[in-house]
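Take a look at the structures below.
One chain, chain A, appears in both complexes that follow, with chain B as partner in the first and chain C in the second.
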Partner chain A sequence: MSIEIQHLNKTFNQFAVLKDINLQVPKGELVALLGPSGCGKTTLLRIIAGLEVPDSGLILFHGEDTTSRHVRDRQVGFVFQHYALFRHLTVFENVAFGLRVRPRKLRPSNAEIRAKVHDLLYLVQMRELAERYPNQLSGGQRQRVALIRALAVEPKVLLLDEPFGALDTNVRKELRRWLRHLHDTMHVTSVFVTHDQEEAMEVADRVVVMNEGHIEQIGTPEELYENAANPFVYRFLGSVNLFHGRVQTGHIRLGDLDVKFHEHAEVHQAPIVAYVRPHELEISREADQNTMAATVSNIYMLGSTVRLELVQVSNSEIIEVELTKEQYRLLKLHKGEQVFVKPRKMRLFMENNRAN
Partner chain B sequence: MSEDTQPATFEFITQTQTIHCSGDWTLAGIQQLERQLEFSHFPVATIVVDGSAIRTMDTAGAWLLFRTYHVLEQSEQNVILQGFRKETADLLNLITHYATTLQPASPSPSIAFLEQIGRKSCYQFIQLIHFLAFIGETFMVLLRSLLSPSRIRWAALFANLHSAGLSALPIIGLMAFLMGVVLAYQGGTQLSAYGANIFIVDLVGITLLRELAPLLTAILVAGRSGSAYTAQIGTMQVTQEIDALQTLGIAPMELLVIPKLLALIILMPLLSAFADVLGVVGGMLIAKVSLGVNVTDFLDRFPQAVSLTHYLIGIGKAPVFAAVIAIVGCYQGFQVKGGAEIVGQRVTTSVVQAIFLVIIVDAVFSILFNLLGI
Partner chain C sequence: MVTLTKRYSVLPGFSLALGLTLLYLSLIVLIPLSTVFLKTATMSWGDFWSTISNARVVASYRLTFGASLLAAIINLVFGLLVAWVLVRYSFWGKRILDALVDLPFALPTAVAGIALTAIYSSHGWVGRYLEPLGFKVAFTPWGIVVALTFIGLPFVVRTVQPILQEAEIEVEEAAVSLGANRWQTFTLVILPNLWPALLTGFALAFARGLGEYGSVVFIAGNMPMVSEITPLLIITKLEQYDYQGATAIAVVMLVVSFTLLFLINSLQWWSSRRHH
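What follows is the complex of A and B.
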């Protein structure tokens, strides 16, 4: 079932949490709402579920207005960050709960319920844990139970609120892959909220980047990474180095660096910021007109990669560079050494380009 | 102050009506400059401020200049700024821009006090409306459940009957027994002074059956079960289990409130009758031991002394107390928003409110029965 959101607004105590949100989630897609904490992503998800009422705007499920429909009649599955399992019920009863409490006419027979719950438990490889209580399970197991509890009632839409937020890195990675796999087998339209850009990029078909109650950009993970619409998105999708400079009719001066710049050729003396990702910087020992001088101030070994902290000679600002182990080995760098940094690629934003 | 700074100065030349500013208008020398400016007076209609000789300026200097400018303008003098370098002018613009957004001084404390009273009253009023709305909703759902009993969650109902009823028997029994003992002791000393020992039956019987047994049972149940209801629902609210119920298509009202309400309404008359019995037994024991009233005498006197009305009034009040306790307990549970510490606060509020309301309801009943002459 597709979801459509039109001109949605929500305020809490005169504080606008969501400002004119428009969003379409096509049928069967897995969409991530990504943003820093407090950007309104969870509120948006709760409004889609019907747990929160918007001040204005429409929510359409499959083209049908659902804005005023009660959460109980929306047929959504919701997975909470802290699992929200029923503590006094076993794993089996938790999953079966949504089916057992249906009115008699709609309720499947006991045998059907048992078969269905066992299928779902099999899907998450937790069959042997069916008789355990939630407090006897690990975080990852609890979240899997929460997920199949939501799926047991065959929801039209699956909503996940930071589902892996409370789990440790390894479990999180495993569950991410598993969620993607689950989605590929079940094709339920899903929306999930996260503040972890890596998680959003890995799992989602499309990512919606949100900030301060509005949508910054919508696109596939690749589109967003390659073609960020504005500095916020660029910064949010990974660490980045900033170089402040000025446009000088067709050229940009960034510290020692002189770059040709063909867009906005008419602009003169306007401030500009160049965004360069740490892995898009090259280090060499010879200077040319496209390099800037910097000294190595710190070296961090991070397993497969090496992160360098350099200090620019011209303005003593810090540059972060990421090298592979191989590159690092070849360069034989050590602390305090002067090197030359050359950006392979950069993204330029005029400083007042913050209209959206 | 390092050696290459020049102190900030200004000079007023009356012929040209110009203030010449010079030096470093920075934080270092600002104090002296401020004092000078404060005591200066520029008695002209139009005044020119010339900043061409200012070497450097920081926000402190800009702020001082802006303030002087503002004071001059307020005394209806025309001020013209001239000769400022771009950096200085930019800084001045920045200061001007932010200064205009400054708020006026905070209102006087007496108004703040009134405002607080107003806010508190509004808050209480809104709380009251919410509470009334909750009562209304509960009764609508209760009515619907009673009309179609298949909606009632029988398992939850029986679980509640067990936890709030059966397991409460020992404590309620002990309390009622001791209450009977206390009443008979205290009343007995007075009665024996008049040699009216046999009236101990009237005293213990009427007080317990009509008033004390249902009231004390209600207070105990409020502390025992009302608080548990708040804690249970409040915790479910914190762990988002209530939200989870809703998304699974279950009305929390039907699953959590109605079984509790029905259970207490069924239980309270029973518990209160149980308390009646044990209370009277306690009274009887003391009557025998310290007043010399035999058990047979006591039991003979009892039907004459205590009419059925007294018993029925006591038992009749119990379901009302039950409804008050269950509704307050559940309502406070649903009011929990935020973390676990709120649950504790709400439990306290729930017990206090429930006991308070039970006593008010009891008082209303007393007045009502007095007017009706029963």
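What follows is the complex of A and C.
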């Protein structure tokens, strides 16, 4: 079922949490709402679920106005960050809950419920844990129970609020992959909230980047990464180096650096910021007109990659560079050594843009 | 179960603490109560049996246990309601209402008894409207139930309140999103988590009702066979210097109360052990 959100507004105590949100989630897609904490992403998710009421705006499920429909009748599956399992019920009864509370006419027989719950438990490889209570499970297991509990009622839409937020890194990675796999087999329209850009990029078909109650950009992970619409999105999707400079009729001067620039050829003497990702910087020992001098101040070995912290000679600002192990070995870098840095690629935003 | 094996703990002193606990309980509870049994033991079996099975005494047991049970059940329902309102909603005067709940603890029971009698007697504020409807409260067993309900109110509220406070709203939201209606959410999700606390509050209110004397004697009318509670009979016997008779009845009260409380506690322990 597709979801459409039109001109949605929500205020809490005169504080605008959501400002004129417009969003479309096509049927069967897995969409991530990504943003820093307090950007309104969870509120948006809760409004889609019907757990929160918007001040104005429309929510359409499959083209049908659902705005004032009760949670119970929306047929959404909701997964909470802290699992929200029924701790007085066994794993089996937790998963069966949604089927057991159905009105008698729609309720499946006990045998059908048992078969269905066992199928779902099998799906998450937890069949032998059916009789356990939630407090006897690990965090990852609890979240999997919460997920299949939501899926047991065959929801039209699956909503997940920071589903892996409370888990440790390894379990989180495993569950992410598992969620992606599950979505590929079940094709239920899903929206999940996260503040972790890596999680959003890895799992989602499309990512909605939110900030301070509005949507900054919507796109596939690749589109966002390669073509960030504004500085906020660029910075939110990974670490970044900033170089302040000026545009001068077809050229940009960034410290020692002089780059040809055709986009804003008519602009004279305007401040500009260049955004360069750490892995888009090259290091060499020879200077040319496209390099800037810097001193190696720190070297961090991070497994497969090496992160360098350099200090620019001209203005002593810090630059972060990421190299592969191989590149690092060939360069034979030492702390305190002077090198020359050259951006392979950069993204330019005029300073008068919201340079946030 | 108390295990005497030593376990590592950041706060040492298990044996000292247990020793003090036993000494304290002996001085305050066990030794005074044991004298009740010792005094009774000076009676012959025949005397003992005829004292405790006297028709007037048996009627008083029925009244005391019945009225306490009824009052505890009323408190179970309305105490939960009060706790719910105090935890879940915010409104003007909530703090005052919250403080009001403890009042039955603080008020001298005789004051409560006199006040309730004044209100529920045939000319009182409430009694004058109830009596034309054929419902007499003061000087009947119903008066006893009213007094015991008043006395026992704080127990259920105060035991349930903290549990409700820490209950996750998300669990209820999960139930509703899975299609549960309000009644199902309440009975299948909220209530099971409250059971242990509700039972504790119920047991405390019930026990308090069994022993209550001060407030009841004013409103009860104290008619033999009708509205005479067991504690009053004990006092009457004491006033007649029948110490053995008084302790004999006290022994019955003690044994039955202890058995009931022990059963309720076991039930509470069993229901909380399952998922905590």
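Simple rule for what comes next: the second predicted complex is superposed on the first by the 354 of 356 C-alpha atoms of A that agree within 3 Å, B and C clash if a C-alpha of one lies under 4 Å from a C-alpha of the other, contacts with A are read in each partner's own complex, and residues count from 1 in each chain.
Keep this in mind: contacts are C-beta pairs under 8 Å (C-beta built on N, C-alpha and C of every residue); 3 or more make two chains touch, one makes a residue touch a chain.
Just so you know, these numbers come straight off a predicted model, no measurement behind them.
Superposition model on chain A: chain B and chain C are shown in a clashing arrangement.
When the two complexes are overlaid on their common chain A, residue A:Leu331 makes contact with neither chain B nor chain C.
When the shared chain is aligned, no partner comes close enough to touch A:Ala287: not chain B, not chain C. Residue contacts after overlaying the shared chain place A:Met350 against neither chain B nor chain C. When the two structures are aligned on the shared chain, A:Ala84 is found in touch with chain B and with chain C. Contact with both chain B and chain C is seen for A:Val71 once the two complexes are overlaid on the shared chain.
When the shared chain is aligned, no partner comes close enough to touch A:Leu58: not chain B, not chain C.
Of the two partner chains placed around the shared chain by superposition, chain B and chain C are both touched by A:Ala150. Once chain A of one complex is fitted onto chain A of the other, the partner contacts of A:Arg104 are limited to chain B, with no touch recorded for chain C.
Contacts of A:Ala49 after superposition on the shared chain: both chain B and chain C are touched.
For chain B, the stretch among 43-51, 79-87, 133-141 or 331-339 that collides with chain C in the superposed model is 331-339. Counting contacts by the rule stated earlier, residues 49-51, 71-72, 76-78, 80, 82, 84-87, 97-98, 101-102, 149-150, 153 of chain A appear in both its interface with chain B and its interface with chain C. Listed in rising order, the residues of chain C touching chain A in the complex are 168, 170-171, 173-181, 184, 188-189, 192-193, 274-276. Taken together, the chain A residues at the contact with chain B in this complex read 49-51, 71-73, 75-78, 80, 82, 84-87, 97-98, 101-104, 149-150, 153.
On the side of chain A, the complex with chain C involves touching residues 49-51, 71-72, 74, 76-78, 80, 82, 84-89, 97-98, 101-102, 133-135, 146, 149-150, 152-153. Interface of chain B with chain A (complex): residues 150, 239-241, 243-244, 246-251, 255.
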